[in-house]
Amino acid sequence: MNADFLLKIDALSVSFGGVKALENYKLSLPPSRILGIIGPNGAGKTTLFNVLTGFIRPDSGHIHFNGQEITRWEPYQIARLGISRSFQNICLFGKLSVLDNVIVSCQIHERTSFLSALSKTRAYKKNEKALREKAWKLLCVFGLEKHADRRAMTLAYGDQRRLEIARALATAPKLLIIDEPAAGMNPNETQDLLDLILKLKEKFNLTIVLIEHNMNLVMQLCEYIQVLNYGRLAAEGLPLEIQQNQEVIDAYLGDTNNAGSN
Amino acid sequence: MSHTAYFFQQFINALSLGSIYALVTIGLAMVFSILRLINFAHGDLMMIGSYSILMLWNAGVPVWMAILAGIVLCGIAGVIMERVCYRPLRGSAEMTTLLTSFAVVVLLENGVTLLFGPNTRPFRILNFTSPTFSIDSILISKIDVISVVLTLIILLLTTLFIKKTTIGISMRAVADDLTASHLVGIRLNRVIVSAFFIGSLFAGVAGLLWSARAGKLYPLMGFIPVVKAFVAAVIGGFGSIPGAVVGGYVLGFAEVFLVALLPPELQGYRDAFVFILLIFILLVRPQGILGAKTMQRRI
Amino acid sequence: MPKQISMLTMVMVAAGLLMITGIACADTVKIGVVENLSGSQASLDQPSLNGVKLALKEINDAGGVLGKKVEILIRDGKSDPATLATVTEGLMDQGISAVTGLSDTTMVLASAPAAQRAGIAFVSSGATSPSLPNEVGDSLFIEPFGDNVQAAAAAEYAYNDLGARSVWVLYDKAMDYTYLLQRYFCDRFGGLGGAIISKATYQTGDTDFRAQITSLKAKTSLPDILFISSGPDDIGTIVKQVRDMGIKTPIVGGDGYDTPLLGKVAGPTAATDVYFTTHVALDSIGAKPFVQSYKKMFGHGPENGFAALGYDAFNLIINAVKNAGTTDPKAVKAALAATKGFKGVTGTINFPKGIRVPQKSVSIIKVEAGKFIFVKEVMPSEIPAP
Amino acid sequence: MNKNKHALYLMISMGLFFCAVYLLDAYGNHYYQRVSNLMMIYVILTVSLNLSNGIVGISSLGQIGFMSIGAYVSAILTLPPGLKEHWLTGLPHWMSTIQSGLFPAMILAGILAAAIAFLVGIVILRLQGVFAAVTTLGFLIIVKVVAENWMTVTRGGRGISSLPTYTNLWWTSAVAVITVYVVLRIIRSPYGRSMLAVREHDLAAQSIGINAPRIRLLAFVISAFFTAVAGALWANLIGVVSPGSFYLWLTLLIIIMMVVGGMGSVTGSVFSAIGFTILLELLRGFENKIAVYGISSIIFAIVFMLVIIFHPDGVMGDREFSWDWFKRITPLF
Amino acid sequence: MLEVTDLEVFYGNIQALHGISFKVEKGETVTIIGSNGAGKSTTLLAIAGLLKPQKGEIKYLDKHLDKLSAYQIVSMGISLCPEGRRIFTSLSVYENLLMGAVQRRDKKAVRDDIHWVVSLFPDLKDRLEQQGGTLSGGQQQMLAIGRALMSKPKLLILDEPSLGLSPMLVNQIFEVIAMLKNIGTTVLLVEQNARQALEIADRGYVIETGMITMEGPSSVLKNSDRVKSAYLGG
């Protein structure tokens, strides 16, 4: 059954000191889809991402990815298997150059022997050159090549966001997880981002999971949406269904007694 | 000496030694909880306290006056240290301030060596150590009683202070959440200065007891106590005042009983065992014996 | 802006330092003095330097040597072997006739090879390891007697005069001197038929010895004496704590006890029934002029035995310069090696041919109520091999 | 092309450097030789400390412990057999009959220290920040305590003396050049990029597949290797090793050199180690002139505090020396 | 009462605010709405003195706040209840409230005010000795507001008070805000929960990517399509 789904999560629960951050969460995600996860702040969305990428150990539940159980793997193992992520608050390697941020990510599947690095063998040089070119190409996709030599921390905000996604993509993932990519972007930038994500999905044949508050983006981008509230799945469905689901509107807008005119 | 008497004598030794460690540790932990600064110069504050007391006494000041004035001077020295050495670095990485405190150690130890000479000086201001009473060949000296009682009194006062006074509660608030403390209008500098002042007063008291116990003082006397106090602080749970006291006693007991129980050829390894204990505790229970388990925010 | 200012200040300080570092030159007899004036060894070496300064003043007040004034070049080794080696090396081309200083064997071993290479005599004022000169070479002389001599003297005195048949030993494991002293003592004491009931150790810098002392108390029977091998900074505290714990057994030790700290730290009641071997009793008649001049010059009496040793080591060198009739280091070295009957504060020094450890008699001192009382001068009948 | 030109500059400067080494070694006076030897040893120590503390961001205060291990291993190996049998009775028989030269001693010292670093690292590198700092300080103290107590192998507090003084300027400068080369190569290799990534953001690094604990351990082990080699050179330079030699003063000295040079800048460490060695000698001259001993340590501490207050990233930050930059400050070139 | 003009704030090289201007008149309730990362919290932190703006000015009762430290701003009568509550978790509820009044010298009045706050939030009544960290999210939010009230502010600033709360609790919080408004407290309310915030406020500002994009009376904003689209998509 796992074969049909790239990612399958069963009965996942996490709690912090008695507070349930995620409770009995389920997901079956077929390949090449874009899933959106929405919900109020503190609903457990980022916790879910952290569990998925190995940064937080779940209390119970199972995560299968590409037919393998990855529930208690280390983050770097999960990354090598093909899940890559961006962070809600940008986590770049600030002092490294933009290009190096991507190269360091590209090299994930390379095995360089220590001695060849010291003696600069021909194969090593070739390999380094290939890495550079690969990273450069990726930067071009994101339009960041003109900043390649700048330190990542000196980039403008929007560029930093895009660099994060570029870095995540450089590991050649099957599943890309993006945490609030449009936070702090203006409508134009958001539109560009939307186009970019669609382009990436096509170009790299990606499956994408997205957390986002910007409804425009979510509704236009996602093929399927899950709504989290208080760590539980409040609703899931197609974008249109979600948009009209009164429960979702209430949960998301916290609007009950002045039942909205919408 | 019977086995029981032997055990109890070592117990008294440990209790007395542990009290002094606890005193040093309280001051260290107080500053750490607020500034996240491991002040390695805390031991040198002890040294400054002892020197002040000795110098005042040599100058003819009555002994109790000299002690009080010396301890207060020690407190002032702590405040000056904060103002001159640590305030310009406020907000720097923990490692930066840690290294700076090492530089302060070099500065103070060499400075005092230049001023007063490198030599050990006798410190017989309070000749506390003569045994006062004995129970079944177990000797208890004045300094044992004074160390334990003083430590408990200071623990009690400190606890009252941080529970009941505005500035005490402010200290806990700052340790808890710096941003929120700013927002409610706590004057951070005032809190930090108070913490340094009080911590340094304790260092002064600890310096007095340490010197009285050894009967001497010298410019480099501060480093060993501060390293031990750090170990004690980690064992007890860094930042927690009762933890500091527990850690001090655990360390005192560990040191005394390691010497008591180890065969002579291994006694020399005592400090190695103490540090292995420290590493072990850090790995098994990083928050220390009494430290609260904080939720680790990883991202 | 503060950045630039700080950088500028640093550059200026560096430039200023460069200018000051010129070499002063005059027609004088130059003697190098290498001591650890800062760091952990400073409390041993500072008094030694004071002794040197006193000797220097006396010599120059008396008109110098060979008609020239004497000048000392002082270097601080910071209690760090690498620094010590460097500063000693730096002295070698300064036109000096000999070098003196240092109270610790390890430190001498780091410093003296430079002098050995340059062929300049190095007289260690305070290191007492008898094997030291052979480890470095023909340039190294030690001024005090070897530890084996004083330890044997102590053992013989304890066995014969105090009637001791068993001993408990406490020593500082971090020091060469304390280790050797107790080892030689145990050799000789055992050789005489005495029993070593057990040994305990501590580390330099410890201030609490009660755990060790309590374990001594727990022994079924107390030994006849305690041999406590300790440096001058620790002995007062140890004696105090031993007595405070109610142990009245006689305490025996070496020249590390030769400091007023013993009486002052331990106090008169505790500093009683303590015996030690040393170079000279500082309150003996022979040492009186030295002690008085020292007091006059520094405002206080000698801090420990190293003051007198530093004083003697320097005079020993000047004596050799006088005998050589020249400031040439080779000649001074030869003259040193031929020293006969040099009378110093710490005894009469002879260097037997090829042996650069003086054969001196050992003074036994008894401490009563904090006062040092000269007992007798002994020459041990049998000395353990270095 | 620029690149060839830079290679040429590098070759010329290396040539000049080794010419200087040759001249100093053959004709220089012992004092300058000694200072230069120590300078090179400090370069090795500072650069290798920078690898663990600056490049990969471990807060280690215990590197000098590895230096101590290296110095002792070399001392035990190079001590003449006669003395060995006499002093180090705890050694196995075969070991007390051989006397090794400097090179094998250096390598063995490095390997043993690296092995110990591996074991220690597994435990200590799980801690972070000040806790790592103080635990590594604990490691330093443990090494000292063991050296003081393991009488039959280390000769206790007395230390091992009468070591052959094999070390000369050729050895120290060659090892220094090799250390700098290796560390620079590591930084520019995939390993180095991973190390920097781990320093910059541990979690983000893991999220792109870097095994952060392993990378940290690798840096720690390599750093320990070179530190121990420096220790071996030190032992056979000074001729005597004792537990107290490798302790706080040296720890502080090396850390200050690294911080002032710039954490993360290898060339910064090189310049800083050279500069501070010279500064210390100048200060010593000053100290001897005014006869206030200990003032040089005080000035040293103040310089460090000023730099850390006004230049918290050190003089070079985490940038490396480059010829372009060199050209800009020396227009004549 | 509070006037912010052309405020620009950078985090390192990233510009978070691109010239924000708004004002709050005495007795008004003003809301600033906007999505995550739009710069709402940044603006508030700058007002509270925790961030130093690179450009622009903040005037309060005709005095400049830009150069003042946080505690001086509190002493002038501005109180910020921060996002994410940030109560002192290791302090008791009582001590938390006490800390809110840390600058006040009138001990007796402070005690009275603690009773007043407890009467506003009856949930806290039985928990005065309980550690702040053991409270539930809603109780923590009430405590945070209560603590902010303890300094007797002339201007109360609330940063996302409804964050992560259940609808019932959100209502309770908004009732308290309405009550404060009624007794004449000037309130600056920053919210993601646009509709309810506009319901209670007199005027509102919409902030997007560090800029004020809309402003006007609540009634106008409430019915604006743009506001709707920003919050519901479509």
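Think of it as A, B, C, D and E in the order they're written, each chain with its own count starting at 1.
In this section, a residue touches a chain if its C-beta (ideal position, glycine included) is under 8 Å from a C-beta of that chain, and two chains touch if they have at least 3 such contacts.
None of these values were measured; they are calculated from a predicted model.
S.K.: Starting at chain C, find the fewest moves between touching chains needed to arrive at chain E.
M.R.: Steps on the shortest route: 2.
S.K.: By mean C-alpha coordinates, which chain is most distant from chain A?
M.R.: Most remote chain from chain A, centroid-wise, comes out as C.
S.K.: Calculate how many whole Å lie between the centre of chain B and the centre of chain E, each centre taken as the average of the chain's C-alpha atoms.
M.R.: Chain centres of chain B and chain E, defined by C-alpha means, are spaced 42 Å apart.
S.K.: Calculate how many whole Å lie between the centre of chain D and the centre of chain E, each centre taken as the average of the chain's C-alpha atoms.
M.R.: Between these chains, centre-to-centre, one finds 54 Å.
S.K.: From the C-alpha centre of chain A to that of chain E, how far is it in Å?
M.R.: Using C-alpha averages as centres, the distance is 32 Å.
S.K.: Using the average of all C-alpha atoms in each chain as its centre, how far is it in Å between chain A and chain C?
M.R.: One centre to the other, that is 71 Å.
S.K.: Which residues does chain C have that touch at least 2 chains other than itself?
M.R.: 37-40, 173, 203, in rising order.
S.K.: Would you pick out the residues of chain B that each touch at least 2 other chains?
M.R.: 110, 113, 268, 271, 298-299
S.K.: Would you please write down the residue numbers of chain D that are in contact with two or more other chains?
M.R.: 145, 148-149, 203, 293-294, 297
S.K.: Applying the document's contact rule, which stretches of chain D touch chain C when the two form their complex?
M.R.: 29-31, 34-35, 38, 145, 148-149, 156-159, 161-162, 165, 234, 237-240, 242-245, 249-250, 279, 281-289, 291, 293-294, 296-297, 299, 303, 306-307, 310-311
S.K.: Quick one: which bits of chain E touch chain A in the complex? Just the residue numbers, please.
M.R.: 12-16, 35-39, 137, 160, 162-168, 170-171, 192-196, 199, 208-211, 228-234
S.K.: Chain D touches which residues of chain B in the complex?
M.R.: Residue positions touching the partner: 36, 38, 85, 88-89, 92, 94-96, 98-100, 102-104, 106-107, 110-111, 113-114, 223, 227, 230-231, 234, 266, 268-272, 275-276, 278-279, 282-283, 286, 298-299.
S.K.: Would you pull the chain B residues touching chain E in the complex into a rising list?
M.R.: Contacts found on chain B: 166, 169-170, 172-173, 175-177, 179-188, 292.
S.K.: Taking the complex as given, what residues does chain E use to touch chain B?
M.R.: Those residues of chain E that touch chain B are 48-50, 70-71, 73-75, 79-82, 86-91, 95, 98-100, 102-103, 147-148, 150-151.
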